[in-house]
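The structures considered in this document are given below.
Shared chain: subunit A. Partners: subunit B in the first complex, subunit C in the second.
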Partner chain A sequence: MNTFRWWRGILLAFFLLAIIRVFLPLPFSNEIIIFSIYVMGCSFLLGRVGFISFGQPAYLATGAYATAFYLFYFGANPFIGILIGVVAGLVMSLIVGPLFVRLRSDYFALVNLALAVIFYYTMQKVLAPITQGDNGLWFLANMTSTPIIDITRPKEFFTFAFLAALAIWALFKYLNDTLYGACALASKVNEDKVQFLGYSNFKIRFFGFIVANVTTAFAGSLYAIYLGFVSPEITSAHRCADPVVVTILGGVGTLYGPLVGAIAFTGMKDLIAGLIGNWELFIGFLLVFIMLAGEKGIWGSLEPQLKKVFSGKRV
Partner chain B sequence: MSTNLGAEIIKTVGVTKRFGELVAVNKVDYLLHENEVAGIIGANGSGKTTFFNLVTGYFPPDEGTVYYKGEDITGTPPEQRVAMGMMRTFQLTSTFDNLAVIDNLVLSYFRAYQKHSLFHLFTNTCKKHRKNEKIQAIVETFELQDVADREVRHLGLGEKRRLEIAMAILAEPKVLLLDEPLAGLAENEIKAVLSVLRRHIGTQTILIVEHKISHVEDFLQRLTVMHEGRVIADGGYEECLRDPEVRRSYWQIDVSEDGVEEACS
Partner chain C sequence: MDTQLLASGVIFGLSIGSIYFLMAIGLSLCFGLMRIISLDQLFYYAVGAYITYTISVYSGSVWLGALGGMIVAAVCAFAVERFIFLRIYERDIAFTMITSFGILIGGVGIIKAIWGLAPRPVLMPIMTQWTILGTEVPVYRLIVILIAALVYGLIWVFLNKTIIGKAIRAGIESVEHVEGLGINVYRLFTITFIIAGTLSGLAGGLHAPLIMVDPNMGLEVMPFIFMVVIIGGLGSIKGTLISALIVGQVFSIGALIYAPLAQMAPFAIMLLILLIKPTGLYGSKLLKR
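Let's turn to the complex of A and B:
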C-alpha cells in the first residue's frame, strides 16, 4: 500500500505528460520532456541544496558538446554519445564543484554565470576549429539506428526520454526521503548546526552539486541527440536564467514543479508566441506576479487546492 | 568541587580572541575533568560565549591552544570535534526549522550511532529511523510527542530549546557543552531540563554557560566566573561567590552577605 502511495505521485505526474503527448505535436512533447529534466537538476540545486545558479547552461552545454564531439568526430552510436555526455558532466562537476560549493549562495549564482560565459566564448571562438564556431556541429546524419529503441527517430526518442525523466524524477523523490535529503535541507537553513551535529556541509553540497549537474548534462546530451546539432547558442548568456525562471514558475522545492514549469514555459514559448509575439514579456509579468503572490509557483499554489479536492472525494 | 576528579578532558592554555581592538577572551587557562559538571558565568560581554566558541571550534583562537584528552585540537574543524565526543548547543536556539521535529532528532541519532558517510546517508531514509527506540525515548523525556511530526518553524521557543537539548543529549557525547540552555524557558521547563541533565551526571562531562546562575546553583559542582575576557574566580559555587573580585566586578557590590542573595535571586 505504501509502495503504491509512493508511486502514485510519479504516475500522476507522468500521466499528465502522456496526455500531452497525445494531444500535442511530437516536437513539443520532446522539448518539454528534455526541458523538464534540465529543470529538475536546477530545482534540486535550488530547492534542496539551497544554491541558485545562473550558469546551468554551462553544464547543459558540457553534456551536449561531449555528445556532439563523439558523434561528429568519433562514433555513431547515440547511446554511447549520451554516456559520454553524462561522464563529461560528472568530470566537469568534479573539477569546478570543490571550488564553487564553498562559496556563498549569491557568489555561487554569479560564478556559474561566469562559467557559462567562459564556455560560450570557448566554444564560439577559442575552439572554433573544432566546434565550427557559430555554425555548430551537425551530426544528425552520422547517427546510426540503435536496436530495441531507436532514439534517432523522434517517436522512439520520446519514449526513451520519457522513461529517463521518470527514472530521474523517482531518483529525486527518493533522495528527498533519504537522510541525505534531510541533511541537504538542514544545511540550507542552518549550516552551523549541521557542522556542530557532526556532518560536513561541504560533502552534502558537493554531492548535491554533482547530482544536479550530471542530470543537467544528461539533458544536454538529450538535446544534442534530439536536434542532431549543437551550437554555442545553447550556453549563451541570455538563456542563463531560463532554468531558474522555470523552477520558480513551477514552484521551488516541489517535485512536480519542474514538470509543471516546463510545460507552462514551453507552452508559452511555442503557443503564446504564435498569438501575441512578445512571449518573454508575458513570462516576465507572470514571474513578478508569482513572486509577489507568495513565491509558491504554479504547482506550489495548485497543490493544496488539489489535495483538498482529492481528500474531499475520498471522504 | 567534586572530590574524585576524572582525567583531563578539555584544557585551554592561554587562549585569546580579539575582535578588532576588543580583547574578548584574554589568555584564559581552563581545565575540565571527565564527568565534571561545570558552569561558566559572567555578565553580558564578559567573554563567556566567545570562550565557549573557542573551545567548540566555532572560530579559532588568535593565540593559545585547546586540548581534548591531551590532544591539540586548536585547528580541528567542528564536525571532527563532534566525532571525538564534543557536542554543543547554541545561545540562540539552533535547530533545522524546515524539518520535522522527529527528523531533527533522526539526524542527530544517525550521526551518533550509525555509519554516516554520504553513501549511508543516501541509502537510508528518514522514515526507517523515526521509530527507533532511542529517539522515541528522548521524544518522551522531553515531552515532544505532540509536536513530533510538526515542522520546527511552527514550534514555540520553549519547545525548540527542548528539542535542541534533546538533539545533543540523544547523541550521548562525552562532553555536553550548553550555551545558555535555560534562557527563555518557563520555570517548569527549566526544572524538567535540569532533571534530565541530572541523570547524566557521573557519566557525562557537562559544561554550561549561563547568564543567570540562580537556575543552576544546586546543579553545578564547579563554577568559573569571567569578567572582561578573563577568569576571575574558579572553584566551588559558594567559594566563587564569596570572592571579593567577583562581587566587585561582576555584581558591582560591596562585600556583604545580602548582596549575594540579591544577585542570585
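Let's turn to the complex of A and C:
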C-alpha cells in the first residue's frame, strides 16, 4: 500500500501525459518531454538547493555537443551517444562545480550566465573547424537503427523519452524523500544551522549541482538525437533564462511544476506566436504577475485545490 | 602590432567601456542601495535607443533623440518602480532578479509590438574624423567618452556634495540607520531608480549610432553589463568605472590579437577575478538585509 501511494502521484501524472500524446501532435509532445527533463534540473537547483542559475544552457550544450561529436565523427549508435553526453555532463559539473558552489546565489546565477556565453562563443567561433560554427553539425543520417527501441524514429523516440522522464521523476521524488533532500532544503533555508548539525554545506550543494546538471546534460543529448543536429543557438544568451522562467511558471521546488510549466510554456509559445506573434509580451507579464501574486506558479496554486478535492471525504 | 592600430583600439575600447559604464552604474547603485538586481535596466537601454531612432528620423538630430530617449526611459523607470518594485523591495535578491527579468522580456515584447522586428540603423551625428597618433579616429566616439566622464563627475558631485546624495551613500552602508534619522528611504529608492533608468536610456541613445537598433539589443548586451558590475563589485561606483575600462580594453584589444577571443576574453577574466576575490574588485562584504 505504501509503495502504491509512493508511485501513485507519478503514475497519474504520466498517465495524463500519455493521454495528452493522443490528442496533441507528436513534435509537440516530444518537445514537452525533453523540455520538462531540462527544466527538472533547474527546478531542483532552484527549489531544493537554493541556487538560481541563468546558465543552464551551458550544461544542455555540453550534453548535446558531446552526443553530436560522437555521432558525427566516430560512431553511429544513438544510445552510446546519449551515454557519452551524460558522462560529459558529469565531467563538466565535476570540473566547474567546486569553483561555482562556493559563490553566493546571485553571483552563482551570473557566473553560470558567463559560462553559457563562453560556451556559445567557443562553439560558434573558436572551435568552428570542428563544430562548423553557426551551420551546426547535422548527423540525422549517420544514426543507425537500434534493435529493441528505435529512437531515431520520432514515435519510438517518444516512448524512450517518456520512460526516461518517468525514471528521472522517480529519482527526484526519491531524492526529495531521503535525508539528502531534507539536508538540501535545510541548507537553502539556513546554512549556519546545517553546519552546526554536522553536515557540510559544500558537499550538499556540490552533490545537488552534479545531479541537476547531469540531468540537464541528458536533456541536451535527447535534443541532439531528436533534432538530428546541434548548433550554437541552443546556448545563446536569449534562451538563458528559459528554464528559470518555466520553473517559476510551474511552481518552484514542486515535483510536477516542471512538467506543468513545460506544457504551459511550450503551449503558450506556440499558441500565442500563432495568434499575435508576440509571445514575449505575454510571458513577461505573466512572469511578473506570478511573482507578485505569491510566486507559487501554476502547479503551486493548483496543488492545494486538488488535494482538497481528492481528500475531501477524509477531512 | 603597430601604434596606429593600438591607438584606434584603445579609443574604441574606451568608447565601448564608457557605454557599459553608463549602464552598469545604474545597476550598481540599485544593488548598493536597494539590494535588488534590476535586469530591467536593459529594457530602458533599448527604449532609449529606439526613441533616439524615432526622433532622429523625424527631426534629423541624434542629440535631440538621445535627450528624448533619456526622458522616456526615466518615465518608464518611474512607472515600473511605482507599480512593481515598490512591492518587492523587501524580498530577497533572486526574487527581484526573476521579476525584473519578466519586465525585461515583457518590454522586449512591447518594443516588438511598436517598432517591429527589423533592425533599424541610426545615422552617426558627426562624421568628421580627427587624426590622433597617425590614425583616423571618429569624433563621435571621443564625444561618447567625454559624456561618460562628465556623467561620472556629476554622479560624484551628486553623491558627495548634495544632501540627497549623502543620504544615498549612507543608505548603501545601512538603510536602517538612514530611516532612523527620519529620512524617507522609499523616496531615496525612487530617486535612485530614476537616475539609473535615465543613465541606461542615455547609454542606449549614445550606443544607437554605433550599432543597429533591434528589439533584442538589451539581451545581447546583458552578459557584458553584468560582467562589468560583477568585476567591479556590486554597489561600488569606482569599481564599476575601473571594470568598465578594463572590459572595454580587453574587448577591443582582444579583437586585435585574435578575433574570436574578443567576446570570450572578458568572461574568462571575470571567472578568474571571481575565483580569486568572490566579491569583485571593490565589492564590500555584501550583508544580507
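Note that in this section the second predicted complex is superposed on the first by the 312 of 315 C-alpha atoms of A that agree within 3 Å, B and C clash if a C-alpha of one lies under 4 Å from a C-alpha of the other, contacts with A are read in each partner's own complex, and residues count from 1 in each chain.
Here is the rule we go by: a residue touches a chain if its C-beta (ideal position, glycine included) is under 8 Å from a C-beta of that chain, and two chains touch if they have at least 3 such contacts.
No experiment lies behind these values; they were computed from the predicted model shown.
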Subunit B versus subunit C, judged by how many residues of subunit A each one touches: C
First (subunit B), second (subunit C), both or neither touched by A:Ile248: second
First (subunit B), second (subunit C), both or neither touched by A:Leu16: neither
First, second, both or neither for A:Phe196, with subunit B first and subunit C second: first
A:Ile283 touches, of subunit B and subunit C: first, second, both or neither? second
Partner chain(s) touched by A:Asp177 [first = subunit B, second = subunit C, both, neither]: first
Residue ranges of subunit A in contact with subunit C within the complex: 46, 52, 99, 102-107, 109-111, 113-115, 117-118, 121-122, 125-126, 128, 237-238, 241, 244-245, 248, 278-288, 291-292, 295
Residues of subunit C that touch subunit A when the two form their complex: 37, 84, 87-88, 93-95, 97-99, 101-110, 112-113, 216, 219-220, 222-223, 226-227, 230, 259-261, 263-264, 267-268, 270-271, 274-275, 278, 286
In the complex with subunit B, residue positions of subunit A that touch it: 174-175, 177-183, 185-186, 188-190, 192-193, 195-200, 203-204, 207
Subunit B - residues contacting subunit A, complex: 56, 58, 77-79, 82-83, 87-88, 90, 94-99, 103-104, 106-108, 110-112, 116, 118, 120-127, 129, 167, 171
